Amino acid sequence: MSRKADEIMAADTLKDAKKLQASFISTEPFQESSKEKEKEKDNNKLFHIHERNVSDEISERTFQDVSLCYQCGKCSAGCPVRYYMDIAPNKVVRFIQLGYYEEALKSETPWLCAGCLACSVRCPKEFDLAKFMDAVREIAIEKGVEIKQENILKFHKAFLDQIKNHGRSYEVGLVAEYKMKTLDLFQDVDSAPGMFLKGKLDLLPHNIKNRKEIKSIFKKTSGKK
Amino acid sequence: MKYGYFPGCSLTSSAKEYDISLRKVIDKLGISFDEINDWSCCGATSAHVTNHKLSTALAMRNIMLAEQQGLDNIIAPCAACYNRLIISQNEIGKHTGIRKETEDLLSVKFKKDVKVFNILELFLKSGLNKIIENRKRELSELKAACYYGCLLVRPAAITKFDDAEEPESMEKIVEATGADTVDWNYKTECCGAAHSIARRDIVVDLSKKIIDDAITHGANVMVVACPMCHTNLDMRQRAMKRKYPDHKEFPVLYLTELIGLSLGMDEKELGIDLHYTNFKYADTLLNNSAKG
Amino acid sequence: MDKQNWEPKIAAFVCNWCTYTGADLAGTSRLKYPANCKIIRVMCSGSIDPVFILKAFERGADGVLVSGCHPNDCHYNAGNFHARRRWDFFHELLDFIGIEKGRLQFSWISASEGKKFADVITKVTEDIKAMGPFTAYKKMNSEFTIDFPEEPSELPEPEFQENSDKETE
Amino acid sequence: MKIGVFICHCGENISSTVDCPRVADVCRTYTGVEYSVDYKYMCSDPGQNLIKDAIHKYNLDAIVVGSCSPHMHERTFRNAAVSAGINPFMVEIANLREHCSWVHDNIEAATRKAIELMRMAIEKVKRDKPLTKIKVPITKRVLVIGGGIAGIQAALDTANAGYEVVLVEKEPSIGGHMSQLSETFPTLDCSQCILTPRMVEVHQHPKIKLMTYSEVERVEGFIGNFKVTIKKKARHINEDKCSGCGMCITKCPIKKKAYNSFEEDLAFRPAVYVPFPQAIPNIPVIDETVCTYYKTGKCGMCVKVCDREAIDFGQKDTIHVADVGAIIVATGFKLYNIDKKSADSKYKGYGEYGYGKYRDVIDGLQFERIASASGPTSGEIKRPSDGRVPKKIAFIQCVGSRDDSKGISYCSKICCMYTAKQAMLYRHKVHDGEAYIFYMDIRAGGKMYEEFVRRAIEEDKVKYIRGRVSRIYEEDGKYIVKGEDTLAGMPVEIDADMVVLATAMIPQDGAESLARTIGIPYDKYGFFNEAHPKLRPVESTTAGVFLAGACQSPKDIPESVSMASAAASKAIILFANDTLEREPVVAKVNEDICAGCFYCMKVCPFGAVEVKDVKDINGIVYKEVAYINQGVCQGCGTCTATCLSKSIELAGFNNEEIFAEIAAL
């Protein structure tokens, strides 16, 4: 069976559930992986990536030029999550350097980056790779690129939703929302009840007073470049 | 000196014991805190990995509150919060564009230079002899592997307090409690951090390696100063056990809990019973004498 | 003076070894920059007397650029260090005597930095343009008569100035 | 004064944006300008003849040429002027090409600027004075600083040309780093075998005065006339009496208190020692810091066993002065180490490689000693920690080099080659061993170099992995080397028994202070600067001081040797004349108005300012003034700007001339 057929199959069986999700999740409508949507997205976004030079954009956001990197691979060598990545971190930089933006933005690597900064502190060219990865992710979201590590993105979105609504992280809400987004209902069953029992998880969120301000920060920063 | 206190979200929930033990310990050592009023999330991980403007604004909101409250020094016990706060400060200090953007967002002007300290700096600054003087017992049975994680010492150019590769400050503090420290390899290796929920498989593997290295080098307890690290190293030991059946439970303590123990407090008082792994200092004594 | 068409007059004191050669490189690389700046070559930035600069302002310069070798790169080992030390003091003095600090600028340009030379000249010209003409001395000259013994006896202004507009038309 | 103005079109290079005839016309109106003309190529023969004819015809006193940069053709036009009977310093060049036509688009603006540039040059030439070149005598003796291969070569070449040489080496023996090497690339011939005959030749050469264990303390004077003060450190051995029998060394009871620096600290040496058996001169040195006699006043074992009575505990450092005409600096390099550095150091260490705490993580020179037949392991490859033979070895290139974050941006140039050589030697000696090399690029430019590297890969099966190593851990006596194969795109972990770091070449200790002593510039790393990167690579900017070997930048042996020979020939060229001529752009003091503050003395980078007594007719000194030694002065003019009484003038760039230029802006 081809990959596309696979996707359609999956889409069919989960369709209802996903519609439900879409209505529940406040951030962005869930992108259906149906053929038309896929095509439309491709037409609208990906082919226009080259319009604006992504490497320039990254340089602007991170205040460092991607041409600094001389591809020694020390970042990849010391990356703790290297084994889980599809391409090496230095290759993401390489793709951006050469203008293969689509390949870079579609890669799982930026999403798996844990931001531990091991690469940044060891880089012989003092290139802050962690910051670079932040920018790549940011641009990938803005361009609407399909994100393979969607659970990670969903986690981040769920987390930010908590902050947006309460000002602080609300772990019950976080886990609940994350579960709803991913439909991965069984993953944390061994820890969450334990947390309740130990009195670590509060059932009610800690709301800060000035939630208005937080909401406005979110609103003002969500504008796409 | 009075410190502003920025607990961060974790310390109000999943890392409650860190907050509890910290408050107890500093009380005993005569250090006082002023919690920042109405503090909010620092923007750690989720914000900065997806939206840099948002993360800087979230972090700087707390700095702004501290400034408004007249606090010159704040202490951020969570390593991730500490890192976000100093990096954001550094960004707005270095790039006028970001500074302006953030100031406009929050409609303030940053004037003062609010200094952010991590937990290690707090104890080093307030004086290790305070711990030694108030020590009720020497934790000489403990061989601690001091785990810094990533965000406490990196990037050294901004944190400017210890070496990024071979840090030693936590060892100094732990040794003040009378405990021994071990020289090991994974002091600053990453535990997987925020992937804890979305990619638990990664976190389990990485944390397992860290714990194994500590055991190989003769440690019987691990000391951490970051709630995220603690969650991964402590809570994820169950998942570890499932994946690696020969895994043996290994206690992971917060630095403040260890200090608390040496100051004579008991495990319950310090919230050690809230951990997923069991730890009783008395047991360590027993174990060691049984071996000896 | 017609502010729209006003073009600043800028004097650049540069050392023979680094900046002058850097300016040559800008030329050989065919980089373009505004024509407002005239170079006065000295052997070393260390030999630039503050009086030269005052003299330049007095003679109607709207801005002055001083440029030498990078630290540690001086052809004479240390001349540029002396220059730097001297300028630290001199900058304050300029301010004191009423010449805005921005009218005097410093830079280090090496023999290999043709691009930097062009950039610096462009920037200085823009800065001075933004500041407008330097009139303080001219005003003073009209109020007091000051005798400058070194002044060259005759200096006819080029004749083409009046005709120039016609020629370009 | 009659001035001639000549405007060059430079083909179309100038005339395309500057209206040359108009410039010539305007210039003709200026006072003093007798003749003004434009021409297509001023630098061509007809162009020069045009100038010469005009000088004769109009009886000109000075000329101004509006052409390309003075750095291009100043000399051409000066020569033309001289042949027509004008002093060469009565020629001014206005740079209409590089500074005007090439950098502007607007014809009107460029033409105006050209006229203004011409006006400035005309005003300057009016105040120019005829100058004559300066003549100075030459002492035909060379000082060579550093007794490594570069210093040895330079000394031998100069001495064989018939000139006397003083060779100063700070270590007890000459030989330098080359004497430490096992075998050399790309021929794999034994380093000591080719070096030792040269060392002996130096020792026996009648024209070479060898001063080992000595350092240059002070350099005064100028090209052809340097006066050098050398400190000879006390060996505590009478050199005239010692026969080099080595009894003192064998009998010295202090065996393990000092590391043997020749063996790169992989072995110990006694308190009295020669660095290595083939040392030149073969005279030991007593190390005061560990010798029992200097601590307790007792022992004296060496005195008892020396039948020539050569031990002299009371010997003191001695000071020697030498007059030389040229100096060849060949102080070489040292290796960067990965240790933790102090906060103010310009380098940073490698915490990721353990800051040097792992004993089997060694540097390239240490490996050379281990692989050397005369080394601490007699040439067997063994681990320093436990003496086991490593079965898996990892070499890491570019440690420190090309690493901005550690403070070194340059490529050390030789590491690619010596790492290939070392891996080859390892494979030759440990047949069942595996050798891995982590590299970023292989830079094997040189005769037979690339072939050599390929041989390591193809014949000796050395495995090259392209990627920098991120971290080294010790685990059960093995060293886990974490890298990434960037070509395969795969992470790599090697559990090596030993790791060899090809650490960067950095300037020798004290290079910067020596540079200040001699008065030569150095770059931000401390390498000495050549006068011109392409055309004057072995001269320093200070006349009469030449550079050889790795003190100027990282170099391998053949390059160091050729540079040494080039430096020697530069000195020999200098000595081919009895006197030498210099450009007269020097500063001069007006003694009548000099106030004697001597600020000029403080700022002069060349030490050219001296105190001169001014006497009245009775011979009584009534004031002290500054005097500038014309031979030493390089003409920077820093003194002129510093002088409070404005009594110093720089010939060719005096205040009057510059004021005239400013006035003509």
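We call the chains A, B, C and D, going by the order they appear; numbering starts again at 1 in every chain.
Keep this in mind: a contact is a pair of C-beta atoms (placed from the backbone, for glycine too) under 8 Å apart; a residue touches a chain by one contact, two chains touch by 3 or more.
Just so you know, these numbers come straight off a predicted model, no measurement behind them.
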item: Chain pair showing more contacts of the two, C-D and A-D; value: C-D
item: Euclidean distance of C-alpha centroids - chain B vs chain C, Å; value: 56
item: Separation of mean Cα positions, chain D and chain C [Å, integer]; value: 34
item: Gap in Å, rounded to a whole number, between the CA centres of chain D and chain A; value: 53
item: Shared interface positions of chain A, touching two or more other chains; value: 118
item: Of all residues in chain C, the ones touching two or more other chains; value: none
item: Chain B, residues touching no fewer than two other chains; value: 164-165
item: Every chain pair in contact, whichever chains are involved; value: A-B, A-D, B-D, C-D
item: Residue numbers on chain B that touch chain D, as the complex places them; value: 163-166, 185, 216
item: List of chain A residues in touch with chain B within their complex; value: 61, 63, 80-81, 84, 112-118, 120-121, 128, 133-135, 137-138, 141, 149, 151-157, 159-160, 163, 167-169, 171, 175, 178, 182, 187-188, 190-191, 194-195, 198-202, 206, 208-210, 213-214, 217-218, 220-222
item: In the complex, chain D residues that touch chain C; value: 22, 26, 29-31, 69-71, 95, 97-100, 102-106, 108-113, 115-117, 119-120, 123, 126, 519-524, 529, 541-542, 585, 603, 605-606, 634-638, 640-642, 650, 653, 655-656, 658-665
item: Residue ranges of chain B touching chain A (in the complex, touch as defined); value: 9-10, 12-16, 38-41, 43, 45-54, 57-58, 61, 94-95, 105-106, 149-151, 154-156, 164-165, 188-190, 192-195, 197-202, 206, 235, 238-239, 273-274, 276
item: Chain A contact footprint on chain D (complex, rising order); value: 352, 398, 402-406, 440, 466-471, 482-486, 489, 491-492
